[in-house]
Amino acid sequence: MHDAIDVATLLERSRRPECGAIAVFLGTSRDHHEGRKVKRLSYEAYEPMAAAALDALERETRGRYPVVSCHIVHRLGEVPITEVSVAIAVAAEHRGPAFEACRWAMDELKRTVPIWKKEFYAEGGEGWVEGTRLGP
Amino acid sequence: MHDAIDVATLLERSRRPECGAIAVFLGTSRDHHEGRKVKRLSYEAYEPMAAAALDALERETRGRYPVVSCHIVHRLGEVPITEVSVAIAVAAEHRGPAFEACRWAMDELKRTVPIWKKEFYAEGGEGWVEGTRLGP
Amino acid sequence: MSDSSTLTVTLLLFAQARERAGRSKLDVELPRGSRLSDALAAVERLHPALAELRPHLAVAVDRRLVAGDQVLEDRVEIALLPPVSGG
Amino acid sequence: MSDSSTLTVTLLLFAQARERAGRSKLDVELPRGSRLSDALAAVERLHPALAELRPHLAVAVDRRLVAGDQVLEDRVEIALLPPVSGG
């Protein structure tokens, strides 16, 4: 989870003869947040629990929507500005469910996976991004 | 428009320091349609008008949603099963507008761009996919 | 070249329209003052199989969709556009 | 190794919790029969800066989120999880 995300491979794995649609979300490191200039971003995780939560989220997405595949990858450690921190690819017969499932998975990821983002500000200082309390 | 779509370059062009989200849609050639097995797919266009319509759609998407970039590419001629016939990438500060704009652009493309899809069936025969009448 | 009493328009046919006519392009010479509907009637006389498709077609003149029955300029390009199905 | 009258649990601290404690991991020895709340109280005695964070933390035992105040087994792994912000 500490290397750059290989988006090309993620897309290759999502191409299926029975599918007409692949919806993809890429989260990228942004140079600002709530009015402050961000010079770098870093992610920390409870790695085994995060990996299990991502696997569970892939399965739950496939169970909840009429989609054929869902692949999710999250990068950890420093993610330079413009690089991809998270990638979700959902393949389906039709585009409606692909889009819906992809968006749902991303919202859910932010709510349920033990990963934390820290920002380092251009003017100095740093802060953990305000997040969501995990619920059992 | 007749070569394989270079998705990697499309994604590269969508990475921007001020953006935290890239929503991508890939349409892929599917091996069935309305219960019939499809062995090949081919696209035809009124090329100069289609190119202008895709440019206009990119601009309109940027005007209608708070997004930074919208890139759309459509492939013509034969598109083998599992290969990408259309790609849309939308970059934005936030994921909500990126998803919404990407989906809107795809729906709009199917309604407004003079491109036609023909299916060749495994059991023999061929047919133009039922489409939408263009409106002025 | 058309003389001063006629004009020539190019018709472009796509998808089903192209297949029904068995061609993708033709030039039609019409009396000056002719309208779009005259050009469409002329192409249907040459290719009667197009008539059935007519209610489903959109028409572009010089790459712009048109709704009314405009008077034609010399040398315009008229495209017959069946229902679209890109994506 | 803990003798038969005690048990040892491992606490894992992440993000703000890790920074406030100045460490990512510690072992705590507790009397047998101790509950989760006893382990949390023990780590807060060692690292008082954690107390303020407590209402915002979720807690996992052996990588499973827990809500109640369960009795602890020997050698479980307790993770203190601040509000998450992946993506």
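We call the chains A, B, C and D, going by the order they appear; numbering starts again at 1 in every chain.
One rule holds in what follows: a contact is a pair of C-beta atoms (placed from the backbone, for glycine too) under 8 Å apart; a residue touches a chain by one contact, two chains touch by 3 or more.
Source: prediction; values computed, not measured.
Between chain A and chain D, the least number of touch steps comes to 1. Chain A and chain B have Cα centroids lying 23 Å from one another. Centroids of chain B and chain C (each the mean of its C-alpha atoms) stand 27 Å apart.
A straight line joining the Cα centres of chain B and chain D is 50 Å long. Under the contact definition stated at the top, not a single residue of chain D touches 2 or more other chains. Shared interface positions of chain A, defined as residues touching 2 or more other chains, are 27, 106. The set of touching chain pairs reads A-B, A-D, B-C, using the touch definition from the header. Chain contact summary for the complex, chain A toward chain B: residues 7-8, 11, 15-32, 81-84, 91, 93, 95, 98-99, 102-103, 106. Against chain D, in their complex, chain A makes its touches with residues 27, 43-46, 48-50, 52, 74, 85-86, 106, 109-118, 128-136. Interface of chain D with chain A (complex): residues 12, 14-16, 18, 56-58, 60, 63-67, 79, 81-87.
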